[in-house]
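Take a look at this one; I'll ask things after.
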Amino acid sequence: MLTAAVIARAVGAALEEDAPWGDLTSTALLPPDTTATADLVAREPGVFSGGDVFVAAFVLTDPAIRVDVHVGDGDEFAAGDVLATVTGNARGMLTAERVALNFTQRMSGIATLTAAYVTATEGTAARIADTRKTTPGLRAFERHAVVSGGGRNHRHSLSDAVMAKDNHLAVLQRSGRDLASALRDALVHLPHTTHVVVEVDRLDQIEDVVAGGAHTVLLDNFTPDELRAGVALIDGRAQVEASGGVNLDTVAAIAATGVDVISVGALTHSARALDLGLDLRID
Amino acid sequence: MLTAAVIARAVGAALEEDAPWGDLTSTALLPPDTTATADLVAREPGVFSGGDVFVAAFVLTDPAIRVDVHVGDGDEFAAGDVLATVTGNARGMLTAERVALNFTQRMSGIATLTAAYVTATEGTAARIADTRKTTPGLRAFERHAVVSGGGRNHRHSLSDAVMAKDNHLAVLQRSGRDLASALRDALVHLPHTTHVVVEVDRLDQIEDVVAGGAHTVLLDNFTPDELRAGVALIDGRAQVEASGGVNLDTVAAIAATGVDVISVGALTHSARALDLGLDLRID
Amino acid sequence: MLTAAVIARAVGAALEEDAPWGDLTSTALLPPDTTATADLVAREPGVFSGGDVFVAAFVLTDPAIRVDVHVGDGDEFAAGDVLATVTGNARGMLTAERVALNFTQRMSGIATLTAAYVTATEGTAARIADTRKTTPGLRAFERHAVVSGGGRNHRHSLSDAVMAKDNHLAVLQRSGRDLASALRDALVHLPHTTHVVVEVDRLDQIEDVVAGGAHTVLLDNFTPDELRAGVALIDGRAQVEASGGVNLDTVAAIAATGVDVISVGALTHSARALDLGLDLRID
Amino acid sequence: MLTAAVIARAVGAALEEDAPWGDLTSTALLPPDTTATADLVAREPGVFSGGDVFVAAFVLTDPAIRVDVHVGDGDEFAAGDVLATVTGNARGMLTAERVALNFTQRMSGIATLTAAYVTATEGTAARIADTRKTTPGLRAFERHAVVSGGGRNHRHSLSDAVMAKDNHLAVLQRSGRDLASALRDALVHLPHTTHVVVEVDRLDQIEDVVAGGAHTVLLDNFTPDELRAGVALIDGRAQVEASGGVNLDTVAAIAATGVDVISVGALTHSARALDLGLDLRID
Amino acid sequence: MLTAAVIARAVGAALEEDAPWGDLTSTALLPPDTTATADLVAREPGVFSGGDVFVAAFVLTDPAIRVDVHVGDGDEFAAGDVLATVTGNARGMLTAERVALNFTQRMSGIATLTAAYVTATEGTAARIADTRKTTPGLRAFERHAVVSGGGRNHRHSLSDAVMAKDNHLAVLQRSGRDLASALRDALVHLPHTTHVVVEVDRLDQIEDVVAGGAHTVLLDNFTPDELRAGVALIDGRAQVEASGGVNLDTVAAIAATGVDVISVGALTHSARALDLGLDLRID
Amino acid sequence: MLTAAVIARAVGAALEEDAPWGDLTSTALLPPDTTATADLVAREPGVFSGGDVFVAAFVLTDPAIRVDVHVGDGDEFAAGDVLATVTGNARGMLTAERVALNFTQRMSGIATLTAAYVTATEGTAARIADTRKTTPGLRAFERHAVVSGGGRNHRHSLSDAVMAKDNHLAVLQRSGRDLASALRDALVHLPHTTHVVVEVDRLDQIEDVVAGGAHTVLLDNFTPDELRAGVALIDGRAQVEASGGVNLDTVAAIAATGVDVISVGALTHSARALDLGLDLRID
C-alpha cells in the first residue's frame, strides 16, 4: 500500500533533488504574488494512477496551492481529457510541475500497461501480478500503479514470503534426502504465516514441492500445454503461478491454461511514461 | 556525477526496500557457508552502464563478496557476453541480485537508447542531451547512464541554471517594456555564473532573447527548416538547443540543421530495462 | 531476521542516546592509552541472545576493541559462566558497556522466558510464537531473541499478513451476506502470497471462516476443552492458533489440545532483563 | 524531558516499524469510511504515564482522529477505569492501536513500579531515582514514566555528569599521589557546571572523595548500618546516594538511613507492561 | 536561495542541538501557562537578514507563538530599533531565544559587512560576490545574507560551475599542447549550461583562457593597474572577476578598474555576529 | 567533546553541501590518476584546533588519501609553519580542500582568540568559559576549539544545567514568598545531578540565591568593584561567574576580582577565521 508517509518521503526527496536551493527561473522572472491555473491534460489515452502523489508534489512545495483531481486511480481516460486542475501561486506551481509529472506519468504508464494485460486475460481466472523488478526506491508507487491497472501485487520483498528457485532446490537435494522432506524441514523455522512459493522448471518436480509444503507452485518458462498439465497435476493442492515468456501476445493463451497467477516483470521494468502535460496559464 | 556517496545512499535504500528484515528464502534454505559464483550475462546487445552500482549492491550486502566487472561504462556488448563475475557467500549474492539487476538493467537501457540517438546524429556537431524527466530519486544515476551512452547532461536541477519559457516571457512583457531589457533586468540578481536558457516558439522572438542575455536559445517544436533559420539568425551569439518532436526517426534531420544541442526527454522517461541476467552456480 | 544493517542502526542510535557528546568520566579520569579486559559474566542462569549486538556496541564505539563471544545465541548458561571477553582501550569499553548490557540483558531475558514456555510444551506439536507486543523500535531484536529461546515468530507487522478480528467480522456481516463469501470477496484483492489469520471467539464461527479462506484460525480465550473441539472441527483444513490466558501454568494444557501455534504476548512485553554484568579489569 | 519532537520521532518510527506498507487487514476488510469509538480501559490498577504518546500514535496515523485522555500522567487508576476515549476512522484506529498500547502499557508499568518504591519510602527524605539501565532508544520515555510515578531522574547520559567508579579510582591511585588531589586535578578541565558523583565500596574511601570534589558520594552495596555510618561521615558536605541490593523489600530500610538518593535499575529494566486494553466499537 | 525546507531542517537541528531533552530552567521555574512578550532590539546599527529564520526558531518550538517582523531582509536599522516582536508562551520563547539570535545575529553581521563593501563600490559596475568560504552547513543562510547586504552570489558549490586554477592549468599544459585547445577539449563533456571560470596569475595567460572557452576570467592578486590592463585585454569577450587582497580599504580602487565581479571571502569567513538582543517581559 | 561520530556527520554533511554531485572542475580537467602533495601552511601565527576534523574531510572524500598532522590541538604556531601534509589523488584533495579549511580556519580562529583571553588572565584563578552563542550545528566543534585555546566549556545546552535569569526570578517572587524557598522548591524536581546557575544584577540578590540552592552565582554586568564585593559576600558558598562587558581590555581586571569563571560570548560569536592555506603541488 502507498501510505501517506511513504508519499511524503519520496515526493519530498524528489522535490529536493530537483530544486535543492530553489527554482532560480521562477524566482528571477516572476513577481512573488503571481498566480496561475493549470490543467493536467492527457496527450494520449490511458489508465490513471497517482492522484495523491500528484497532489503531494504541489502541496509539499506550497501548502496554499489547491489541486482538484477529476479522476480516480484506476479510471480510464481519453486523449485530451483534463485529469486535474491546479490553482495557486505560480512560482510554487512551476517548481513542483516536473516532479508531479515525473511521478504521475510513470505511474499512469504502468497502470495503462497493466490494464492491457488484464484486458487480454478477461474471462479467465488468472490474476496478473507484478514482480520485484521495480525501480529502486519506488516499489510502493509502482505496486500501487499495478493495482490501479487492475493487476495484483506479489510478495512485497524478500522479507515477507519465501520463493525457492532451482538453486535452492539443488542445495536441498545434495544431502541425498528426498526433496519433499528436506524442503519441509527447512521451512519449519519460519513463521507459520509465511507463504512459500517454489519455482519448478519441469513437471516431474511438482509432486515433491507440493509434498514439501509449497503454497504456490511457480511454473517457470512452461509452454501452454505444459502449464495445463501442471495445473492438472497440482489439482488445487496449491496455487499455480506462471512466469517467463509473458507478453501481450502470449498472455491470453497462458491465462487460458487455468493458472491462478501470471507474474509479469514488464509491468514495471519496461513501462514507458505516459504522455501527460500541464497546461499552465499565468493569471 | 555519480559520486560514491550517492551510490551508497541509493543502493543502501534499495536493499532496505527489498529486504527490510532479511531474505527469508536464502536463510531458510541455504546453509550459512554456501558459496557461489555468478556471471552477469547480456541477453541482448547494448551499451553498459552502472558498473560501480552493480558492485555496490553486493558489497553493501556482504563486504566479503568479490565482484569483477569486465566492461567499462559506455562499452558496447553483444548478446551472450559475460559482463561481470561475482563470487562469495550464496546468501548475500541472492539477497543482492535483484537490486543489482534493477539498477544495472535500467542504466544500461538508458545508455543503449542514448547511444542510438548519438549514432543517428554522427557527423553533426549536435550533442544529445537529457532533461529533467528522470525517475524521482535516481537523477544522478540516469544522467550518468546518458553519458555512458555518449550523450551529455543538461542542467542538473532548477537550482543551477535558468530556463525561461513562454509563461515567464509573457509575464515579463506585461509591463509594456521591451522584452530584452526586461529580461536583462530580471536576471541581474543571479550569480554571474548562472547560465540562462530561453525557450522560444517563434523565430521573431529570437532577437529579443539574445539581446536579453540568453546564453542558449531553445527552439521548441520547430521544423527543420525553422531550426535552420533560427541557427542563422542567432549566428553564434548564443548556443542553439532544439527540443520537441525528437525521436529516432527525426533526430538526424534535426541535427543536420546546425543546432548545438538536442534535448530528448525519452532518453530517461521511456527507456526500457535492458535484458541482463545473473547466472548463478552454487558451488 | 536481525540484519547487520538493523543492528548497526539501532546500536548506533543507542550509543548516541547514551553519550551524545562523549563519556565525560572516562575522558577526565583515564589516560588515553589505558587498556582493559572485561568478562561478560552471567549472574543467574539463562539462555543467551544478542551476541552480534553485544559485539556491535563495542566495535561501533572503537573499531580496535576485540570481542570474543564464547556462547552462541540460543545456548544455555549457568550462573557464573563467562559469556564473552572484551579487550581494548578502556575509555571505549566503559563508554559502550551500558548499551551493550542493556541490549544483551533484555534479549537474553526474552530468550530465557521463551525457553521456559518451549520446555513446558515439549512433546507436543505446538509452536510458541511471539506477537506484535514488542518494544517500539526493537521488534527485530525481540523477535530474534524469541527464536534464540526456541520460539517462532508470528507475522512481522500489519503489512505482511492479515489478521481479522471480531470487529472486522462484524462489519463483514452487516451486509446480510454469509460470512464465508463476504470474507473471501474482501481478501481477493490481496497478493496471492498473503497469509490470512482469522480470530474467532466461538466454535460456531469456525466453519464460516475456514470456508472464507482462513489459512490459520485463531481461537481466542478458549478453554482447553474448547480448543480440543476446535482442532477437531478444523481437522487439518487450516492451522490452529491459540491465544489468551496463556502463562507458564496453563501453556502445557493448551499445547496438549493439539493446536499448532500458541501466541504469547508476555514473551516480549513482560520479560525482565536478565542479570548479566561486565567485570572489567583495567590493565 | 519528553519533548514533542522526541515523541513525534519515536512514535513515527514505531508506526513505520509496525506497518511499513500499511495495514492489510483493515484496508481489505473495512470500507474506507467506517468509523469507530474506542475506550482505553485499565485491566488492572496502576499509575498512568504516556498520555501525549498515546495521542500521538493516533494523530500521526490519521490527523482527523480525536483522542480525549481522561487522566493525567501520574494519576492513579483502578481496574476497569476508562483512561481515554478515541473516535474517528476505524482503519486508522486499528492501525495505530498496537503502537499506542505498546508505549502506554510500558510507560504505565514503569510509573506503577516506581510509585511502589516511592510509597515504600514515604516519610523519609530519600528520593527514588532511575539509572541508565533503560531500553535502547526509549530513555526519554522511560525517564518521563519514572517521574510520573513520583520518582526522580538521574544524569541523562554519560555526557552530562561524571560518575567515577572503582576502576577509575584505581587508575588515579596508581601514580602514588593521594586520591583527593589526583581526583581534583582530573576534574579541573570539566565545565564548572559538571556534577561529580563518586562511587565508593568502603567507608574509608569517603573522606578522600569528598576532599576530591565529589558533589555526590554513591555508596554501592552498603548495608543499612554502613549507609548510616556513611551519612554521618559525609555530614552534609556532599549528597549521599545508595545503590545495589535495592528492591521493594529493602528500600524502606535503606531510605531510613538518611541517604538523599536511592537509585534503582529495576524501575526501567525489569518493569512489566501494565495490562491496558482498547475496547473498540465499530459504529 | 534559502528555501522553507532548508530553514526548517537547519533551525530544527539547531533547536535539537540546544535543547536535546528540553529546557530544564524554564520548565522548572515557570508555570506552564506563563506568557510573555519580547522585542528583538538592535544594540548597534546594521543591515537586517534572517527574518524567516527568526520566525522559524520560535514557531518550530511552539506553533502558537506569534512573531511579527517589522523589517525586511536588506533593510538598514539604527541602534535601538525594534526589529521584531514575539508573543506567546514564555517557556517556548525562552527555549527558542538563543537559536533565533544565533542565526539572526550571524546573518545580519554578514549582511552588514557586505553592505559596507557594496557602499564602497557604489557608482562602479562591479558586483560584490561571496565565495565558498562559508560556515559548514550554513551556506544557504550565508549566501542569503550576502544578498540581503546588496551582494551577489557566486557558484553554489563545486557541482554547478567550473573554476580552473593554476594547478589545473599546469596539468593541461603538460601534454605540450597549446592551453586553449587543451582547455576547450577538457570542457566539452560538461553540460552546455556549465559556466567556466578560469583563474590566472599573469596577464599573459589571459588570451589562452579566453580562447579556451572561459566565460569568466578570474584575475587573482592583481594590482589595480594590472586589473585595468586585464579588463582591456579581455575586452568584453568574458566577464572579469577580481579576487585576493580585497578589503574595505582596497575595494574601491579595485572596483574602479572596470572589473565585473569582486569576490570577497571575508564576507562570510570573517564577519562577526551583530549585537541584537531579545528584551523579554513576562506578562 | 568532539566524538568521531559527530565529526563524521558534520564533515560528511559539509562535503555534501559543497559538492552534491561531484567536483566538476577536477573531474573535467585532471586525469583520474593524478596525484598531489599539499602542505597546510599558516599565513599568520595562532593556536591550532581541528586536527581530526582536517583529516576527516580528506579521508571521507577518498579513504586512500593520507594526512599527517604535525601539530596537536592547542599548539601554538608561527606564520609560515607547515601544520599538516596531505598526499594522494589530486581530484579528492581538491574536492575536500575547502571544507577542510573552512572547519580548521574557524576552529583555529576560536582557539587563538580564546588563548588571548587566557593569557590576559594568567596568574589568576579565573577560568575563561564559552557560552551558547555558537554557530548553529557546530557547537561541539566550537567548544572543542575553546578548550584547544586553554578555555573551558560552560553547560552544553539548555538540557544539562539550569541557568535562572531575571525573568525567572521575577516570576518566582510574584507569589509573595521569599525567593530562597521559592527557588529551592522549584528546583527540587530536577535530577540531583543538575547544576544550578542563578544570574543576579545586584549585590542584594546574592544572599537569597545562595540560600535558594545556586551552585554558581552569575554576576552579570558588574563593575570590578562590585564583583569583588560579590566574591566576598558569597565567600566560597557557591562558585562565582562574571559575564557582560568582557573584552580583551577588561578581562584582566575582571579576573583579578577573584571570580571563578568569566564567560565570554565573543569566543565563538565573533572570532574570525584564521588565515591558513593549502599549498598544493600536483606531482
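To keep things simple, chains are lettered A, B, C, D, E and F as they appear, and every chain counts its residues starting from 1.
To be clear about the criterion, a contact is a pair of C-beta atoms (placed from the backbone, for glycine too) under 8 Å apart; a residue touches a chain by one contact, two chains touch by 3 or more.
All figures in this text were calculated on a predicted structure; none of them were measured in a lab.
Listed by label, the chains that touch chain B and also chain D are A, C, E, F.
Between chain A and chain E, the least number of touching-chain steps is 1. Looking at which positions face the partner, chain A and chain B present mostly the same ones, since more than half of the interface numbers are shared. More inter-chain C-beta contacts link the pair D-F than the other of D-E and D-F. Repeating the C-F interface with over half of its contact pairs identical by residue number, the matching pair from A-B, A-E or D-F is A-E.
Inter-chain spacing, taken between the CA centroids of chain B and chain E, is 32 Å.
Each chain gets a centre from the mean of its Cα atoms; for chain B and chain C, those two points are 45 Å apart. We define each chain's centre as the mean of its Cα atoms; on that basis chain E and chain F are separated by 23 Å. Shared interface positions of chain F, defined as residues touching 2 or more other chains, are 1, 19-24, 156, 159-161, 189-190, 194. If each chain is drawn as a node and touching chains are joined, the picture fits none of the line, ring, star or complete shapes.
Chain pairs that touch one another are A-B, A-C, A-D, A-E, B-C, B-E, B-F, C-D, C-F, D-E, D-F, E-F. Those residues of chain B whose C-beta lies close enough to touch chain E in the complex are 1, 127, 129, 147, 152-156, 159-161, 189-195, 197, 215-216, 239, 241, 260-261. Note for the complex: chain A touches chain B at residues 10-11, 13-14, 17-26, 28-31, 34, 36, 90, 94-95, 98-99, 101-103, 105-106, 132-139, 157-164, 167-168, 170-172, 183, 186-187, 189-190, 194, 269-270, 272-273, 280-282. Residues of chain D touching chain E in their complex: 1-3, 5-6, 140, 156.
Of all the residues in chain B, the ones that touch chain C in their complex are 12, 15-16, 19, 21-24, 27.
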